[in-house]
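Each of the next two complexes has chain A plus one other chain: chain B in the first, chain C in the second.
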Partner chain A sequence: MNTKKIYPTYFALGAVIIYFMLCFLPGVLGLFYSLTDWNAYSNQMNYVGFKNYIDVFKGSSQYRTFIWNTLVFTVVTTILKTTAGLGMALVLTNDRTWVRNFHRLVIFSPQVMSYLVVGLVFKSLLHPSAGFVNNFFKDIGMNFMTKSWLTDLNLAFGTVMTVDTWKGAGYIMVIIIAALQAISPTYYEAASIDGASYLDKFKYITLPLLKPILVSATVLNVTYGLRVFDMVYALTNGGPGNATGVINTAVYKEFSKGNYAMGTTLSSLLFAVVLALIYFIIKAMESKEVEI
Partner chain B sequence: MKAKKAVSKIIINMVVWMISLVVLIPLVVILLNAFKDRAESNSMSLALPTKWMFENFAVVIERGKLAISFLNSLVYAASSATLIVIVVGAAAFTLARNRSKLNNIIYYFLIAGIAIPINHVALMEVMKFTSLMNTRVGIILIYAAINIPLSIFLGYGFVNTIPREIDEAAVIDGCTPLMLFVQIIIPLLKPILSTLFVLNFMAVWNDFIMPLYFLNNSAQWPMTLAVYNFFGAFENSWNLVSANIVLTLLPVFAVFILGQKYIVGGISAGAVKG
Partner chain C sequence: MKKLLALTATLVMTTTMFAGCTGTKSSQTNQETKSIAEGEKGKSSSKEGITLTFGSHQSGLPTTGVVQSLAKEFEAETGIKVDFQISPDSQWRDLIKVKLNAGEAPDIFCVDADPLSLNGRILPELNCVPVTKEEFVSRMDKDVLPSISYNNEVYGITFPGKKMWFYVYNKDIFKELNLEIPKTYEQFKAVCQKIKDSGVTPIYEPTQNGWHQVLPLFESGPMYAKNHPGLYEKMNNNEMNLDDIPELLTIVKQLKEFSDLGFYGENFLSDTFENAKAAFANREVAMVLVEAGWAFEVIAEHPEMKLEQMGIFTMPWADNQMVGVNPASNAYFINKNSKNAEAALEFFRFLARPENLQKRFEGQPGLLELCWPEVPSRFPGEFKAYIDTLEKGTVMQAAVSYVDSQWMDVGKDLEDMYVGAVTPEQLVKIISDRRDEQAQLHNDPAWKK
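For the complex of A and B:
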């Protein structure tokens, strides 16, 4: 049978054209634009070499703060979401827990809300005078805990990362639960016969078998963290000062200022970082594959 | 020993309830706040409203232009999800079946987009060049484009579970490639196509960044952008802000409850295979 005839390549054309035009092409064009002085105020575009990239890293530029914040956000939220997700998944697959499906549904539910709306919900709740959080602490007599959660220089970034974890951990939990349920109970039965404790089983059976899913979760969290925008934009818009500014909020700021070349330079840098990180994560995890 | 087990059982359940409450309380506070009058809503709490203000919702729908933005969101989400289902179904089928060198390159080219960030500024230039800037068609095509990679990945995995013999039998019976795909394969792909539809619908419904960059006319705004601007304009009327948030969340929760099976199944499959 002629596979070429039954499965014509033009079937893939629709997807390829749309993806090429609106995803791939902008990425490549962006690399070229990042070498120019493209902006909203002049029709001329001049080649400037790597000037934009040098500006990003030169001296004590604000852009370095954005890059640093993006990395901190990525590392912290990845760790928080993975540990919280793993912990909750273990508890919610344990038969000592009652109404497990109800809890799973509740904890997963923020996942279906948009990042923007979650941001707005918490912007309301964390409002210094009207917000629920401060009112709650006042009502239970813990006045020292009433803070300007989103406008205090030292607190704002932590608050943003916590809210992001509130939204994202349930998703990680659900995929880890799916993986936990795929582990054959015979491993645990055999281990019990050999006298293994709960911790032993976790360390020698559960964790190694969860490795592939933890890799996936890490890749998901890292690529999300590096690209984060909605949550930060809704909660603080990068403020106070640049305390919570990340790469994508900076890109939008440059875009609104008409500073297109710098916007596309930052996007291109992000692109390079994402590619490199994913390569390293996959390589690092691959070499430690376990088999039972 | 038995007592110790009972205690651990109680502790474990208390912890789980605490976590669930941490998730639920913010949503309940917003829900209650949506029914309060302005003065009462200024100090958010879990107290029930003294007077239930159902008119808040009418005010919000009118002043927040929610009807039009709801329709916009619906059009964007339904159209791009439909477009994705069609192009991805066809592409995943042919790429998974005919593993020629070219097709493998196409496949990896497409799924590379799962991780790659969008360059919004340069995308604007492409949009202008193709006269798609500030148009509904443009935003629908962008949504299709950015969601194609993950959808192809999931669809490709599913096509592999359908036995090839079915195609061969159909072709021997005189099916053309198009008939084979439409009459035989699409019905078999139904589960994955439903999952893709629901996942993409929700992704588009919840997106905020694309209209922020590419739609400057408020008549074209989807709900996310409308609620964001409403929040900015009415920041001191917490009851109205809350009512708007509640109305924005209602449709997603409705889809979530109806399409739970597809959502949870879809994301688990995606992550497990990835």
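For the complex of A and C:
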């Protein structure tokens, strides 16, 4: 215990109360509502135990598809965004790259656009007959590449994940660039004197020193991925059929149907999964201070 | 140099920000002054400055913009502005429910209204201003009042007349290929095959809007009811469900077969209803499932098309030769929690004036009748003669509970079937189960027996 601390504990009380009221309490209330039959059509609310949770997993429930889609989306976009962000950051911190700041700006710019705008723009670009993408492929004689990007069962989800990666990779790149610039060049100079190759330097200097920032990027990507809604809603609205539905599109659907209890059940499940995953990610990536 | 540049940029941005703040403040002050001045002018002018928000789906408002034109006239007369917020069809039903549940609904909203789904869709007692005592209610067709009423209170205003869906076909293409109007499914298939072989897409089936593909399933309700006497009543009493109707499964299978045979074209999963007119007028497609009046919309947008080039026939799915009549249509409602409810009511009164009803009718060529008996209908002779030969009945969604309320979900299920994610049998099971689920959610007494 640090007895020389400047501020007393009760100074944190305001923040604790606000956090408790605005974050913790609604979460706990959500858990409580998920154990009831709360809906828009009745003033009464009855305790139903874990019925809603059982409904999510029993029989031919579509919810499992949505949960699976959410997990796939999270894993794939996290890997893609981190890899792409890291790759671009390495290229754009290299002294030999021409007009680096301009490239950084262009790659980061999708981040500032609204998800709905990106969704609508890509919906238009990817239209099978009138869209730019297919017409471009046709014009350069690559007809075999013209696809129903957003309505083919095998492609739709991949397309959504690709567009999301396009939008989000720039942000990860900027974070990593900041971390790369903070690495002292003396490490690289010393390694060069020792005869280390570019890959050696990347493996033994860059990556270990980037670890804390990669943990943060992963946590950001995972929490975003699990909560994804806008991109899916704008691009495919969960279609074709329900093929690209995710947990939050299902939550939205349940709330719109007036089935609030099921909406809160799905939200609570998501809440639990996010908490658990974040805990394990941080634990797994946590390590002692890097020694070089 | 860089520092100087950064400093200049910061200064410019800060100045602009302050200028912006000052501008807002002064404009706010101006507004305040204006409203005070207006307040002094008297009660009528106090409505100036009110902007009514009007939320609707694309299909809820005529594409000709006639309602927006009437709103401009209303603004000129009263000073009350109407701001239209239009959402895609596929999202509106969910969106308006979420907005109502969250207390963020617009002042006026347009939804599809029918007697069985109205409460589930918008909870009128909780969310809408009753208009029962308004003079215009007595002038509306009595048959449509149940669609906009709940527990003996009328809550909305509606304009379109009863709906009937037909395949509008291009007579020229039929003549060139020596084709007759199909009366059975096999004939329909043969006609489509010949059209497809000629290089034209036989049917325009837009699934992007989410609702169009569902029509054959439930507009064929009269045929189901004829084959199974007392069907609608039994379904509402939970004695039968959708999976007890073999003809429904037959139709679902036939829809799938048409998709597999390529009769809807390659990209129908990306097609939108709004593009149907151009595709039809340009002879890219030969048939579109629409209301008969749609032919006039085609003519309005593509004057080279003539009425004589278009004919209608009823959906021959599962050898159906009846036509479904739906007395329900979209209707406008006033948000009970709106601060501008009185101004919204004034807008309703304005729209219901006889001269404005006439303007609206004339400004929407696709509409062949209004549900206002004072405005005479205008079915073309040939269409009327054909419709008169058909046996009619009420469509399933207007007579059976928990059908219309899952309309958009069924649209998604059909997409699932078209892409091969579910079979026709699974689809019918899904929609039957969803009916049960919705009934239980509504605590329907028939489902508690």
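Methods note: the second predicted complex is superposed on the first by the 263 of 292 C-alpha atoms of A that agree within 3 Å, B and C clash if a C-alpha of one lies under 4 Å from a C-alpha of the other, contacts with A are read in each partner's own complex, and residues count from 1 in each chain.
Throughout what follows, contacts are C-beta pairs under 8 Å (C-beta built on N, C-alpha and C of every residue); 3 or more make two chains touch, one makes a residue touch a chain.
Because the structure is a prediction, the values reported are computed rather than measured.
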Item to check | First (chain B), second (chain C), both or neither touched by A:A272 | outcome: neither
Checklist entry - Between chain B (first) and chain C (second), which, if any, makes contact with A:Y115: first, second, both or neither? => result first
Checklist entry - Just chain B (first), just chain C (second), both, or neither: which does A:L207 touch? => result neither
Checklist entry - Of the two partner chains, chain B (first) and chain C (second), which one does A:I54 touch, if any: first, second, both, or neither? => result neither
Checklist entry - When the two structures are overlaid on chain A, which partner does A:Y41 contact: first (chain B), second (chain C), both, or neither? => result second
Next on the checklist: Looking at A:F255, would you say it contacts chain B, chain C, both, or neither? Reply first, second, both or neither.
Outcome noted: both
Item to check | chain B versus chain C, judged by how many residues of chain A each one touches | outcome: B
Checklist entry - Considering each complex separately, which residues of chain A are in contact with chain B in the first and with chain C in the second? => result 127, 129, 233, 252, 255
Checklist entry - Which chain A residues qualify as touching chain B in the complex? => result 1, 3-9, 11-16, 18-19, 21-27, 29-30, 33, 88, 91-92, 94, 96-98, 102-103, 105-110, 112-117, 120-125, 127, 129-132, 135-136, 139, 166, 170-171, 174-175, 178-179, 182, 212-213, 216-217, 219-220, 223, 226-227, 229-230, 233-234, 248, 251-252, 254-255, 260, 263-264, 267-268, 270-271, 274-275, 278
Checklist outcome for this item: chain A residues touching chain C in their complex are 39-42, 60, 127-129, 148, 150-153, 233, 237-243, 252-253, 255-259
Item to check | chain C - residues contacting chain A, complex | outcome: 90-91, 93-95, 97-98, 101, 119-120, 123, 210, 266-267, 269-270, 412-422, 426, 438, 441-443
Next on the checklist: Which stretch or stretches of chain B touch chain A in the complex?
Outcome noted: 8-9, 12-13, 15-17, 19-20, 22-27, 29-30, 33, 41-46, 83, 86-88, 90-91, 93-95, 97-98, 100, 102-103, 106, 109-110, 113-126, 130, 141-142, 144-146, 148-149, 152, 167-168, 171, 177, 180-181, 202, 205-209, 212-213, 224, 227-228, 231, 238, 241-242, 245, 248-249, 252-253, 255-256, 260, 263-264, 267-268, 271-272, 274
